[in-house]
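Chain IDs A, B, C, D, E and F follow the sequence of writing; residue 1 opens each chain.
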């Protein structure tokens, strides 16, 4: 069985139009609503998409043998840095509601992961109302956490190792749900695309977290770094010597292993490096499917994001490790997957 | 016959989704395209809309007896202040292309009025390429001009009486087409909604223009102030005494009459005040239909934006004046309406 | 009898020199004082002024048959945005003191309306000390309230519908006096003159107030919008459809009628539009005399600001309505006019 | 004979009122004019002033035996940092015109020293038009130069040793007139009063000039540092060691002596220190009379600004030195004093 | 006996390298340490220095007959404005520790004066921990206080007369130690060198203090203005007339005499002016030796900073006055010099 | 034979002290000089260092069998963002001069790689004077290029794919020398350490370059990305699908192979991933020795930066590939290594 913990909802075009509308009227028309019918919601999951290789979201899952997928909002659309803050709240709630409706439309196939209304002009405490609503009322099993609510504008908020984030950590621990660390959009004057910004943020915040007091203050906090941790596993050697200076905190590898990592990497070399660096027990299967990798590799004919095939190809992985990676680790981390 | 010179295209939802996409990826996905079929374009004009009183764009026109409508982009969606500037260019061009397709889909029923890619980080000279394309290649008959490309952010660009705008005026005169002055969105820290910002901008820029050198430097420039000129006709008395100080420029009324005004006001009192203040010969029929006024007045049963009925109700207007207002003034100002 | 509730003191030149001095030494010379004698104060009211058509303040009143005038500071001189804040306090207090001396010099002819030291770097609570002093100690009957203490600089303070202003509303209600909403100066980077800024601010803040909780939280609050409410009555139709969405708050007209409006408009068309739109019972006679309109209309020979003549010319106004407008409404709104 | 080269005009109150008016309307009323009569101009020079010890400007001169005084604008009123820039230009020109009228009203008693319209948003080249007008058309004999047109706001313009100032130096040399270096107002966030800012600016700019290329590039440039050079003569020892590192530029004293200094210091100790440090041949009599020092010293009964008495009391000064200081140095530096 | 209260430690080059390191890694390497041996510390005091005329710190003291010197950090190296704030704390503590080691290395020859970690992003309360440590644990006898922690960047913190500084004054009074007011570095956009900035800050803050409530609120506070008070004694006459307006606060001289001044001036004229202006009883011997003045005057052969020789040369000073200035005043002001 | 192209000079402590001095006086003391003797320069290379595992720079090279090392300035000390710009120029030139002296001290052992004075307030054209000097006069064989002269402050300069950098590329091509892309310091408000900033900058700029016109405009440009290209080889799969959209530019791998990469990674897994991803022919041996990795791995006893051992351990690498990586690729890319 395969559980995919990193995936984003394929929402009907009405959600995008709703977003465009909010950014046009900036609240003057009131909250409005997305106004998508159940049919439109199902169609968005079932109709072939030109952006994702010409097949549907569900077809991607079927092809890849993904049995259960944890669905979160599509991050680059989150618009956390837009003003006024109520736009962010409205859009986030509408998106989570659509995820909930998808979960209901396909019983047993999906679980929800909440987006948070991370407007930088709101206190992080304000963000947690939606987390409580999604877990408490909608049955979601986790949250996505954007480490850069400024979306590339300056000055940034403090990184995830800072006390600024503690109100969110408190509620995550209280509700006993994990968070997938995943940045959102990226705007000028930042130089990089949102996709590259993901990598940059994962890099900065992985290091920030493991050098911080966070896991001393929240020993039960469960954080999953997206995309295999940005640059960190690849650059791990660079940080090993420095870690020797504080032996009481363990080696760099020990520290990395306080975090979890998803497998969202599209080459076997990268995947092997990740598994070797942090251990299969700290990795969760995540495909981001359908998404950036949903194109066919002309050399192999495979989808780039057929990560389960890459995993199969790793000869040195034991059957147990493979099963943990594909299913069991997710079950341990997330409550509610067995419901 | 009724010619309506102030109206905005009813575009298929794909255009909004395209905008949302641009603002999410900020250019990282490339220009892309709206991808609306001809059927979708016609449907957007022909299907009832919950935003506009439950009937379609075309039905509104038919009900109101509007024979010919000059279609411009929907201004509050223009996003001129978004970065990077290429987003503005792409979105503006796509929008103009859709207007063009609407015109082609309904021969004789519509003419195009171009949106301009008024990114404040581009030189106004850059904006005029699209003006030339729309008039030269697409057969558009005018342009819409946003006097506040900053969309309520600060500091503003200079007002329309300033030389900053001369590159646009030069091309308008060269192509011999009029511009409808109409602001776009409005964002924090501005305090007002985009709709109220329209009024503010028309107020500030009407006064800026008539106190400037613009009509000395461009005697053939044809500018139409939207929404009956903001506050100016109502507040005209306030500006009359000051105008006496420079008698060589004429009275305040003389100066106002260097501009044109549309009739886009939804009360008869306001309409009468406008006509009395600037003269029927400086007014053009504009309904913004369907739009802000496309709701039924519960007291009268009429659509608020049934401006042609308000005009009919003005007893003191002669038949010639009424015909000028409804049709002839537009024909004089715009080339290409008879084609 | 005519009571004029919108008028600004004609102060001796010493007050302007005092202001110039404050802005030159920025507080280094201490508070100082205006140093105008009683004779100078009377002269300023009685000597012909080249700025106001060559006759005196009192002569204007006599000519127009204004029996009682409520005098406030001349708004465009208020300098609320100047630093340090103590300059604003000193200048405001000195101005109010001069108004008080004028009231004393002409018993029965004038009442005082307080300027407030609205420095944006002070908490609005600080502004109310002067309001209490003027009403409690000097017998003033109301206050003038500037909705833009930033005077056109950015970012603006929140509009009048925001809780930011509640400390002022509380004291207005406690003292049971009305406020005349009237902006002050306007500086770069704003594009408009102070006089046009008046109109802009009245437009933005009329809409802000009637869409807010203010009159639910302060049902007894009495606010008078200057200059006939900026653009709002003229553009009323534009806002009527939107108001239908919240029927529990009444129609747009109902909402407008929670405010009062002065008659300070210099054309009969505008005056009629105002009276028709908001009702004669919500209008107060205000002439701003002598002021912007104190020039003779070369076509009619009348002073532009002879608003009482315009009112006389409105044939459809009943005698009672005329009396209410010219006198009774003011008596109802303002305490202390009968003393 | 005594020639006083540092003194500011006592202008009629109408000039202050004019300034207040400009800062209130910010240009909306047009340039206007001061509107002071010849009588008012004479009265301002001849009537006792409460700010200056209760006697008149002329009485001060008579009491002190000042035969000829070079009159400049009162610096703390210059408002160079106010926007828009045209206000600065108008006010400066009006002030210079009043100085000119004073000179004409008292033939042989006064000479004019021009204020410059030093708006920081104008190119310094723009400032020199008024310098040419004053010298060429009004017969002025020099200019006052404000080294901080930002008036204490940040960031400052470069100091006087920078090429930024060369357009002014070029015209000073071409016209062969000296400039009195004297700052103007001082606004928040600066912490000091305008009067203390004078001292700060003289300190910074004396050092900037003598460490620069200015006197190599303009060997004929004549600059007079006000108030005895700020802190520099007192702190001269502090700068002597550093000067030894570039012996080709001379000692620190040699460098100081490329400048001129006025005697505007109100204690004998300070005056003696100045004369000993820079030499009597580099000092010019300047009293700033009437001004900051126009109060009676309760211990001596003298006016604080009776600098001629302090000079008399310096026993070691030769008769020639005293005559040079009081008269001859000024005649050498300024053309036009003998006319 | 001579006690020198204004002198800065000659630290081994390792301290500068430590500073360079902090500013390079910005905290990433952790606090680290200076790592100077006792030998290096002694060498820095005993080896000839090319910056200070080719002889050693100790040789300077011996030559000048300075028996006891109060050593503070070298101010221009304090880097108070650098971020993050912990760099400032680390560097300040390391510097104070080196001063302490110097004091221990030469028993009876030196006393310590603490630098404070005046990061502008910390509350001044935070600065006082180090003051308590230095006085309480290291036996230091006073502190150096930088009135401009922004080091020339803008906006400045309030001047020393403001309540902002009260947390520091409270601890100074509680510990009963004096503070030497002395600014630190100076960075762009400020126009002046750090050395000239010293003078500017002393000028501004001397005036701020004596016009404030500080000495009413802290009657026992002991503040010493460096470098003879900047420009103030030289410009004292300028401030005397203004002081007459508040006779209850005493004359300007009375006010000046609430402060202390060091003798750190390198010309006899300046020194005499200081002593005459504030009185020998308010002056303390301070040489800044070795420092800015440690070069030989080619005309006299003396070191510029041989201030004791200048004092000897002042004929009118009595023996008692001279002894007070050189020794007794320091003993009265500082506790712990007799230990 | 082993040629190490990524290494930074071990300079005597005097260079750090020189930097500290510049940042303290900000130019006021003039340029000064480092003042290190030849003995000190040799000692810095030959004495054991506590920062680098207790052995010397040369000992590290000998231990690792590095025959020839290309020495550049130590990047985190470059201080490119400090003002005024002349500090950057002075410090860079002094550093390059020390590198030159090291090269001369050990003939045949080292070659110089120039630091550039990349002050963001200078035009990049200005930076190239030092490049010409180093190559033309000092015989250096390449340059180090910092892609973020703002050092983490905002807004950033454009990334390396932008025309902003063309003046540097032109001179690199003209002189036919490669550049090692390597960022410098990192300051608040950036959240990451300088070392992590290296990785972030390599990531952003690798992607910027391969998506730009740079290699079309400069086909001969030779750029080496440090630290194995940041995150890019590890995340390569993520960028492969997008590259398919522009097949004319080749696959993502093709594009990566327009750049060179150094081997500066401290785990075998990472090294293998790099070699597999970009090919051994695009990799150059670089150890950064001694540096971040110069600590002994407690598990293996090896130095972390013994990259040559990691390379030896890669069984699948052919002898030719190994020789190319360790020596031949460097000889092809750099001129002057054989001299």
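The rule we apply is simple: a residue touches a chain if its C-beta (ideal position, glycine included) is under 8 Å from a C-beta of that chain, and two chains touch if they have at least 3 such contacts.
Keep in mind that this is a model prediction, so the values were computed, not measured.
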Copies subunit B and subunit A - interface residue numbers shared by over half, same or different: same
Of all other chains, the one whose Cα centre sits farthest from subunit E: B
Centre-of-Cα separation between subunit F and subunit D, whole angstrom: 56
Whole-Å gap between the CA centroids of subunit C and subunit F: 68
Sites on subunit D at which at least two other chains make contact: 193, 195
Contact graph of the chains (line, ring, star, complete, other): ring
Interface residues, subunit A side, partner subunit F - complex: 154-156, 158-159, 189-193, 195-196, 199-200, 203-204, 207-208, 227-228, 230-231, 233-238, 240-242, 244, 265-267, 269-270, 272-273, 276-277, 292-295, 297-298, 304
Residue ranges of subunit E in contact with subunit F within the complex: 13-14, 16-17, 19-21, 23-28, 35, 50, 76-77, 79, 83-84, 185-188, 193-195
